[in-house]
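Consider the two complexes below, in which chain A is the common component and chain B and chain C are the respective partners.
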Partner chain A sequence: MHREMEDFSWPWQYQFPPFFTIQPNSDTRKKQLEAWCALVLSYLKQKKSHSVDVTEIQNSPLFNNKEINRKLPPDGVYAVFEELQKKGHLEWKDQKTRKQCLIMWRTPEEWGKMIYDWITSKSMTNTVCTLYELSNGDDSEGQEFHGLEKWLLLRALQTLEQQGKAEIINFDGNEGVKFF
Partner chain B sequence: MHRRGHGIGAIKNKNLAQARYKDKGTLLAEDQFAQMAKQMETFRGHLEEFAAKHKDDIKKDPQFRIIEVCLATSHRNGGLIGLEELRDRLVASRGKRSQDISLDDVFCAIKKLKVLGNGFTVIPVGKTYLVQSVPGELSMDHTTVLQQAQEKGYVTKTDLLTKLKWEEERAVRTMNFMVKEGLAWIDDQAKERQYWFPSFFPYNTFAA
Partner chain C sequence: MDRFEWSDGNTIPGESFVLKQSGVAIYDGQDKTSFENGSLILTTHKLVWKDNKDKSYVLALPLSLVVYIEEQPSGFARSAKIVVHLSPAPSNKPSGPATYSAYSYIRLSFRESGEREFHQQFTEQLHSKKWEQSIPDAGPTLGQGARHRAGIMGIERSLKQRQKDTDQNISVAFQDLSKLIDKEVGGIMTLTDVYCRVNRARGMELLSPEDLLNACEMLEYLNLPVRLRTFDSGVMVLQLKSHSEEEVIDKTMTLVEEKKSVTAEELSQIAGVSVILAKERLLLTEKVGGLCRDETVEGLRFYPNMFLNRPD
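Coming up: the complex of A and B.
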């Protein structure tokens, strides 16, 4: 397992063999899917990864616990992904074939709020900066959104735009943002 | 503050209650009902006031804390918690300065709860006990299955047919009930379907 996963704490369900069988009782299944959703999000958060290949992740430790010899079957994985999609955490890159998806363990709205709160705390409203400066500059070093992938940063800023808190602009050929 | 007893919700509830009474063949006059509703409201207000005033005392009470732990864990185990797990969670919730709590202490507290008619039952399983906190009938057959499951944390239909000498129909009916009640989960990745009980499953953290 990769180093970043060494101190990952698995929930009790992960060692529980039935967790890897989609439950027939609807109340139990609801709890099961909720637990799976939470596990998928925290696993990907630990890996700092958003891009998911379904086949690859099905075979990863996330859905495949070799210690207890249990693996969530494909229809189970898709049931979990459908649930994540409903909650706004998942987007298919290929809606028809559903082999690749983006899983946002933090929604664009949540990222947007975090960024805006930080901007406000630094009294940086009414200033302009490039997208690169925002996510990769020295200033934001240590912030959770530091190093955020550009596509997600843009989504986050778009939610702020909708709230009238920012405007995505282009200046000197650079993509940037103005905060209000 | 939101005024209780008024608004659409209250009217709907009142109509529903009226309908229920009518179904039972009892016709209450309009103003009799209104008076009853008002009394209930007053009573509820007093109860809430009492609870708020004595919040700290109530929270220290062992019976209350047992109910709290059972409620907090029931989504995981369907309302059946092992006595040791219950004790461990009570100790953990109390913090460092408290005295240790023995299994006997927990047992006594639960006995008191039973007297209050709270629907708490203690089920002997092997060397230990399960505390049932959800209302509902657990028959002898269900209890027997729990005792059987205590060893490995699960049972199979074959276990019931061979070790308990049950007939197929009885085994199926009993296990379907336990799955339906959320007490058991199914595992289909073994040689034969296994019915697992979270109540017996070792827990590592006290996270919900």
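Coming up: the complex of A and C.
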């Protein structure tokens, strides 16, 4: 379960005790939160996970460095999450209680662009394929979006729809997409 | 007594009566005068003393000559007094009861009480400075600053003559204090320390904290090389004018870099200042982005600010 984290390279801030205290100086705090956001995203990217339980992640190595005996306090974690939300990387599953969230280390727009670029490079515009084929087919093997969770794939395709580059369709009972 | 002028007691246009108190005697510094039994009148522009016996004996003192006033509370067989520190008489001053005085302060003795109220009103009039609003006539033409600076020189001179005078005034205490603060590393002292030392030097007739604060607010006005300063935390200090903030910040950053990280207690040991001042230095350096903090249950520790001062 933790094997994918074995070769994870922690940034220098992670060994720096002040990193785990939210800084009162606003310039310093800005840099600090930037570093935290980058760390959270790369951590979850390595784990290939999007679904986050706040309590669980607070106690995980991400916010809890046992080596230097420092832990980012809850209000610090929420400050980082607020930043991520502002940048469009985070969505609360439960806006009121804020215990569960989705963290998209790549935004749906970013995914959409990646998929569309790949489609274009394969000259697959004006073709139709199912969502499953797109994310799990042999063709897309090796691509970063390979294995992308369906909800996120849909979001990505929706951004392309808004740009007029795709249309989500339903054919033969399958969910699919047409690229333009 | 050489600052007083003979007067008819009339007001000029724009001047208004404020307060009258009977049973007031005037002392020339430490010495008694013949002006023992009279009424003291405060207007927006001047202080007037009228003799009870001979109504033609009227003295006036322009408020513009007043540098500073202090209270001397009553004691055993001693009435409450107001000490009025004065700048020297201008050369074109109208004639008065004396042409020379060994002192640059007078004392008003309130033998029928009323000192408190008078002091309050007097202070208010000194703040309002209504006499500055009226058209200057034959009044003194010296610049405000020059008059007040000269006033302190006058006080110093008279005090050198009266070394054993227990009635030390605040500006002298502050001269001593400048020397003390100089010795104090960093040229800075908390107001609490100042309060203790000034009162210790006085021995009797101690300053109240309020008195000290009022006096400190006069420092710039009195052109003394010491300044009152309040930190964000609320801590107040007296600081030598020459004290450089940048120097302190640089020094602090260097010290912290050497030690990798410090607490206020550790810095106070290294720099040889009190813990309170060490903390203020750390907070100041943090404020300008030189340091960042590590806050745990073990305490508050400061590190060089790697967030801002290190390439990512």
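As a working rule, the second predicted complex is superposed on the first by the 179 of 180 C-alpha atoms of A that agree within 3 Å, B and C clash if a C-alpha of one lies under 4 Å from a C-alpha of the other, contacts with A are read in each partner's own complex, and residues count from 1 in each chain.
Keep in mind that, in the parts below, contacts are C-beta pairs under 8 Å (C-beta built on N, C-alpha and C of every residue); 3 or more make two chains touch, one makes a residue touch a chain.
Not measured: the values here are computed from a predicted model.
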item	value
Clash or fit, chain B versus chain C on superposed chain A	clash
Which of chain B and chain C A:23 touches, first, second, both or neither	both
Touching partner for A:31 - first (chain B), second (chain C), both, neither	both
Partner chain in contact with A:147 - chain B first, chain C second, else both or neither	neither
Partner chain in contact with A:70 - chain B first, chain C second, else both or neither	both
Chain C-contacting residues of chain A that also contact chain B	12, 16-18, 20-21, 23-25, 27-28, 31-32, 70
Touch list for chain A against partner chain C, complex	12-13, 16-18, 20-21, 23-25, 27-28, 31-32, 35, 70
Contact set on chain A toward chain B in their complex	9, 11-12, 16-21, 23-25, 27-28, 31-32, 69-71
Chain C residues within the chain A interface of the complex	261, 286-287, 289, 292-296, 301, 303, 305-308, 310, 312
Chain B residues touching chain A - in the complex, by the definition given at the top	75-76, 154, 179-180, 182, 185-190, 194, 196, 198, 201, 203-205, 207
